[in-house]
């Protein structure tokens, strides 16, 4: 046993898969200890805040300022003038100010804007431009004016009694605060989702739930598959034919369809996380049955089994001591695959709206479903769904790697 | 010839039985649930409706469709008779369209998307697997593992990634639908071009995730076959390596064909969900709409038609397999 | 004296392992076969006889590599040829091969006739399909195989039929040398006899001009080949006519080989069944002296120290032993 485990960890594939899986598992265990927030707490008001550090504006205003001699306008221009706008400006400059393409550099916002200020005049004729386009340029000009504005921002306070507004503070554009001095801030490493929930915290909780679903579904499927495979393979005859027939039947009828039918039929109220896991388990045992059955058939007439039969050992004892130990590796491999396909099945089911009907926990599939329902994929809010896809892929990849590693150890002919 | 006949007859009979059982499941599963299934389904259907006459209409329609008061067997016969005629009733969510109308307009989108995509993924996977077994090097150490990782990305995941990269960032392809939203289906070149442009992303997302799994299977089969005795013998009879590689890959591919038959159901299930990402007008999107609209007749018809498609695909693969693998014929003669 | 069909001079080939070690499985072997003659090569498994079979064809692929020596087929030196030239001009039509476990040597999913077409076309792509079919049909008829086999797949044939089909295919181009590697082992006695009968008739009808028959059962060769070589650890330890080798083996190893097999045939020695103790040496590091010394019951300290040269007798017989003929005959008597 010890030797076998050592051999397993000598397989680079298994070790890599195991490491990835263990890291994900450790993440789901330790992250909630550090970040104790409720994963489904709606922190943000509004959809899909970008990843980043959010600091309280009010507190920033109240924090002691530092004056830095930095040209804020440059970075503001770089950040706020989109490539489309710069291209439009360059077009205008070439068309109506007679500049050559060489003189206009769209990557240098500062230079572009100074050229613009020098040449642009909304009153100029601009032959050949439709009115809407002319207005666009004049709006653009106003935007640039605004960006170049360097006057102070006034913070005013309303007098409770008189209702008069009086200036409390002026903030010049050279004024900076040290982020660490601002008390209220929140880091959203992966932004927020459609309900304003912290995606990272939610994701960790979702991985945990999905792993649980996968594990329960896998255990159920493996238990059914193992029992049927043992009975069919060991007893043979009519029972074998019957079980094989049923297995073939459910191999061909797509389990996805059965999942949909059952999930829909039991209704929303009954469809909790556990129920979904059970349904997935109930529809995905066929592969295990097949592989266990064929293994048992090849074992059935081995000498040690025959010896046990002649010694009058009971059926249970023969199966437990003479057959199970020999197929244990296959069963473990099947379980690993079932876990990964169970997680995928939950995700797919949730995507079509038949996943766990719950608002108290998140699963990978539900996160994906929420992101899609709020069109995150069409608006480019990648943080809401890409980490979910990556998590599913990594879980599935790591489990498959472990499986391949085990396969190579227990089926030596697969080694090159 | 009798060998083939026996094989085909057996297969066809087996698939007919499977079809019957699939239909029975389709009928029985929703009815097995505790409580009165019809009122439960109808209650779900009318959930959110405010118009009392509409609610009444739904209840009556259900009662009629399900023949609530009739015995199960009679109910089943009615269901079967209607199914054979292609009559699945009227859709609730897209009233007054009939279910068969909705299905017949979406089924071809799915077939035309998934069939070529799965086939191409399968072929590319086999080629990649064969090359990485034979040539090793970059194929074995670089390209194959990359595809293997991709095959672990769920179909809908690959769809979203492609959508983000090629549609949102690069603007190379449209992001949703089966054709331009401003077009009306017609046999025009513009329409065809639009369909083709909308086809790309869903198509490639299915292809990309299919390749890896097929390639790894083909690779190990090819390695196994490359060490077979007939390879050595053919070499020493002076046959060119290229020809021998042809023997090897043909033989290695045979188990891949049965593998395709076994996994086609899973593949189609995954690809249906990928359709949703692109709002592709196929069965996947229809199914989603049906679930959202609590449209029981549409769900039932969708699942039935998908099952039939999978069964047909499986049967087809198995019949082809019988022709190209002489071992099938030999086994039947024993 | 007939024409020399195959002449091999000090052929050395090696396996290169994954760890870069060289294993000389064929270590300086010379042999010669004349037209119409056959040569048997016997030895335990692992003695290098199968590697010799592969090496004789001059067509090497990893992990087997050519080291030195020459192979001449009908006077033409094939060791100087490029691999593709050997493939086209030699393999199958000059030297043909019947592999070990020939029943598994056919592609299970190809029709027999289609494989024959591939074989013929590999050497001459211009031959019409019909001519190939006619050739195959005639040859099958002569060899007593039913024509229907041609249109079947290997999986549809019985083991014995597959074996005979392979022999027919191997010799379809009437090669000058046929190398048969254990063609009859793993068969029941009846099929064994059938295979041997078939090989003989191939020789008689002139479909093959000479033959090398490799086996681990030395006595089997008595009725089959004209001459016999005994191979041990990559080298020939004794060579003589079939009669001499079976009834009067000189080398202790040849004698052990005769004694280790139960032969019911009359007059053949070996009624007393004795196994040769020990195992063949590790060829990664071959012993400095006689390679058989540590298993030889007559070994002397000197055997371990000196490289053993070949001793040639006047009648053309050769053996590789530290003892002389007379001494060998002397110790023989003890048995």
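Chains here go by letter, A, B and C, matching the order in which they are written, and residues are numbered from 1 within each.
In this section, a contact is a pair of C-beta atoms (placed from the backbone, for glycine too) under 8 Å apart; a residue touches a chain by one contact, two chains touch by 3 or more.
On a predicted model such as this, the values are computed, not experimentally measured, just so you know.
K.L.:
Suppose every chain is reduced to the average of its Cα atoms; which one is closest to the average of all protein Cα atoms?
P.N.:
Of all chains shown, the one whose C-alpha centroid lies nearest the global centroid is B.
K.L.:
Averaging each chain's C-alpha atoms to get its centre, pick out the one most distant from chain B.
P.N.:
C
K.L.:
Using the touch rule from the top, point out the two chains with the most contacting C-beta pairs.
P.N.:
Ranked by contacting C-beta pairs, first place goes to A-B.
K.L.:
Using Cα averages as centroids, what's the distance between chain B and chain C in whole Å?
P.N.:
Centre separation, chain B to chain C: 56 Å.
K.L.:
So what's the Cα centroid distance for chain A and chain C, whole Å?
P.N.:
One centre to the other, that is 64 Å.
K.L.:
Between chain A and chain B, what is the gap in Å from one C-alpha centre to the other?
P.N.:
Going by mean C-alpha positions, chain A sits 25 Å from chain B.
K.L.:
Where in chain C do residues touch two or more other chains at once?
P.N.:
Residues of chain C never touch two or more of the other chains.
K.L.:
Touching residues of chain A toward chain B in the complex: what are they?
P.N.:
It is residues 248-249, 251-258, 260-262, 264-268, 344, 347-348, 351-354, 368, 372, 377-378, 380, 382, 385-386, 388-389, 392-394, 396-397, 400, 404, 413-414, 416 of chain A that touch chain B.
K.L.:
Which bits of chain B are touching chain C when the two form their complex?
P.N.:
228-230, 232-240, 243, 247, 250-251, 254, 324-327, 329-330, 333
K.L.:
For the complex, which residues does chain C have touching chain B?
P.N.:
Residue list for chain C touching chain B: 54, 57, 59, 61, 87-88, 90-93, 96-97, 99, 101-102, 104-111, 115, 118-119, 122-123, 153, 155-156, 166, 169-170.
K.L.:
Note which residues of chain B are touching chain A in the complex, please.
P.N.:
14-15, 18, 21-22, 25-26, 29-30, 32-33, 37, 40, 44, 148-149, 152-154, 156-157, 160-161, 163-164, 168-169, 175-176, 216, 220, 223-224, 262, 265-266, 268-270, 272-273, 276-277, 284, 287-288, 291-292, 296, 299, 303, 306-307, 310-311, 314
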